[in-house]
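Look for chain A in each of the two complexes below; its partner is chain B in the first and chain C in the second.
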Partner chain A sequence: MAYSEKVIEHAENPRNVGTLDKEDPNVGTGLVGAPACGDVMRLQIKVSDAGVIEDAKFKTFGCGSAIASSSLATEWLKGRTLDEASEIRNTDIVKELNLPPVKIHCSVLAEDAIKSAIEDFRKKQSAKRGA
Partner chain B sequence: MSLKFPIYMDNHATTPMDPRVLEAMLPYFTEHFGNAASRSHRFGWVAEEAVGYAREQIATLIGAEKPEEIIFTSGATESDNLAIKGVAEFYRDKGNHIITTKIEHKAVLDTCKRLEKEGYEVTYLDVGPEGVVSVDDVRAAMTDKTILVSVMLANNEVGTIQPLKEIGALCKERGVIFHTDAVQGIGKTEFNVKEMGVDLASLTAHKIYGPKGIGALYVRRARPRVRLTAQMDGGGHERGNRSGTLNVPGIVGFGKACEILNKEWREESKRVKALRDRLKDKLFAELDECHINGAWDDARRLPNNLNVSFSYVEGEGLMMAIKDVAVSSGSACTSSSLEPSYVLRALGVEEELAHTSIRFGLGRFTTEEEVDYVAKLVVDKVKKLRDLSPLYEMAREGVNLKDIVWAAH
Partner chain C sequence: MTDPFELLGVERRFSLDRAALEQRHRDLSRTLHPDRYVQSPPGERRMALERAVAVNEAFRALRDPLTRAEALLSAHGLAVGDADRPSQSLLMEVMELRESLDDARRSPEKVASLLDQVRARSGSEEALIASVFDDQPAPGPDALGRARDALVRLKYFRRFEEEADAALDS
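On to the complex of A and B.
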């Protein structure tokens, strides 16, 4: 299968690779997928007190399309509010990267990772308030 | 000599044609274009003579007694179909049980599955982590209804060599017909139908530096004489076993490819094995957590095959990172089914590792320079992708990945 130029570009030069401190109360971590399925994404966001995502990092075990989907997601997340971030849909990623049907699950995983990171952050925040 | 890109290391899939083969074929496209079945004129005679010569070249390579035991087909998939369906149909009165292994090529497995729908019974034998079937398992599976055993010479993914000689002897003893798909092993490991007691053998030209679209089925004609029900009806070519006008240029090329192997395969295998070992040594010296899939000793593995799992790096992701090098992967992502390799699964390779497997297939035209380039590239990219892998980071931190409840998707 031939990859789109955008997938190759992201896979060769992935943006925002790295790790944020998962114990930081301002950091939300999403870990989705499974090694047995050939895809695992870890996406992290750091949220300012004003509720804006000021940093996003990822690491992905997966094919080029999975790496590109998560790399793109981190680019899109930076500067967005949490509400804006939750509006990112897998179909937006499919469109931007020209993913073929067999790779749509990569974009679904990226959307799941975003949601899971936001949920983790919100959980931490409510725990903090509750404490 | 400078490197040419992309570098081809997928010789289990197909091989480039040897220029000597092409040269032998060319006159049979234009000057000697006759139909080998035309008995009434010179054009036909010349074609028929060329086909006869090729039959001898092929028969010699595999140790067949007579050239007539070679039946030409379109390739090994057709040969597998003809052998298995042909025997099953012809010997239906004798029994309905077939024994094969879980690591056969799909051309064998899917043919067997179709026969199951038609009332035949098939035993698919397990192989251990070594990727080699046990002769005792074959023996234990035999019943008085068993008519056919089909076991490959060597596996196309992990390159493991099967104990054909022992299985052949067992089949003789029990009066069961023995078929082998010999495609991957010919010209790389010992293969002799007489010494191994093989009754039917599927062959193809394009894996041995010959053209695509031409294959053969060896069918034993004495001790025992093996009979087949033809699967293609028509003009009764190939003694009624396979109708259809013969692909004369392809056959000439197939014959030439066998003649070359007959002279050169031992030397070639030594050279290719040295290159394969060089590649393996370089990778393993620089990278931790690499795992060979299948047996590694010379007696049980093809000299040109290296199938290795690079833990924590998904196979297709790695292939993309080394896109100037043609290899293949047992990763799910390379197939539309999203299932990892059934061969690796049969070896008991965990799915996590199956997704990280890469198959290198070296060949006649692989150079030392290419091996050194590929080794360095793979080392660099595996390191880079491990830096990108959450699993590698977690494993380094001491997290047991098996303790995590992953959401399968």
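On to the complex of A and C.
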């Protein structure tokens, strides 16, 4: 299958590959996967006290589109507030990367990863406040 | 795809006699061979050809434990799709395995040892699936759910095995 130029660019030079400290209370981790293709995607955000995402990292084992989707997501996340971050839709990723219909689930996975990273961060914060 | 068990006329279970399956495939393929339809009307010829293709597909599906498990589950109306989300514990395990594989890439011994470990895990998932489909005539929803979860794990382990095999070949 032919990948779009943008997918190839991200897949060959992925941005923000890496790991943030999962135990850090300012870090939210999202771990998602698509069993149909055996992909696994981890996306992490580090949120400042002002509620702005100051860093984002990912690690994806999957096809080029899955890597590109999560790479793009981390680029978009940096500098956004949590509310702005939760507005990112998989359709935005599809549009930006020109994903073909069979690869749309890769962008859905990236949106899920963003959501669960935010959720993880908020859970940690409320646990901190509750303690 | 039509039910491969029905198409090949073999019993619908997970553990099956590999030699008998191959024999059945050979017999059917011979019956449907284009040489036997040279004198037949075009419609009949085309149908035999289509059936031969379907028989090959069914054979490939049943030969592989993973696609065989898929066929058994889909016969019960259960399919694993893009929208399914695996458990966090499985994802953590797979992430860890894939990262270990990345770290081990330069050492064939380490890759082989990871591969052994994962193959053993696949073996237990296959045993679980076999226990659901072979030990009882009509598995209930709980048993089917367990088989489905095992299939999801099996898919992830298979993917790992392919990556590890590729790492050993390079």
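What we mean here is this: the second predicted complex is superposed on the first by the 127 of 131 C-alpha atoms of A that agree within 3 Å, B and C clash if a C-alpha of one lies under 4 Å from a C-alpha of the other, contacts with A are read in each partner's own complex, and residues count from 1 in each chain.
Here is the rule we go by: contacts are C-beta pairs under 8 Å (C-beta built on N, C-alpha and C of every residue); 3 or more make two chains touch, one makes a residue touch a chain.
Every value quoted in this text rests on a predicted model; they were computed, and no experiment measured them.
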Partner chain(s) touched by A:124 [first = chain B, second = chain C, both, neither]: neither
First, second, both or neither for A:14, with chain B first and chain C second: first
Which superposed partner A:31 touches (first chain B, second chain C, both, neither): both
First, second, both or neither for A:46, with chain B first and chain C second: neither
Broader residue contact with chain A after superposition on the shared chain, chain B or chain C: B
Partner chain in contact with A:57 - chain B first, chain C second, else both or neither: neither
Partner chain(s) touched by A:66 [first = chain B, second = chain C, both, neither]: first
Set intersection of chain A contacts, chain C complex versus chain B complex: 31-38, 40, 42, 59, 61, 105, 108, 112
Partner chain C, residues of chain A touching it in the complex: 31-38, 40, 42, 59, 61, 105, 108, 112
Chain B residues within the chain A interface of the complex: 312-317, 320-321, 323, 331-333, 336, 338, 340, 350-352, 355, 387-393, 401, 406-409
Touching residues (chain side chain C, partner chain A) in the complex: 80-86, 88, 90-92, 94-95, 98-99, 152, 155-156, 158-160, 163
For the chain A and chain B complex, residues of the former touching the latter: 3, 8, 11-12, 14, 17, 19, 31-42, 59-64, 66-67, 102, 105, 108-109, 112
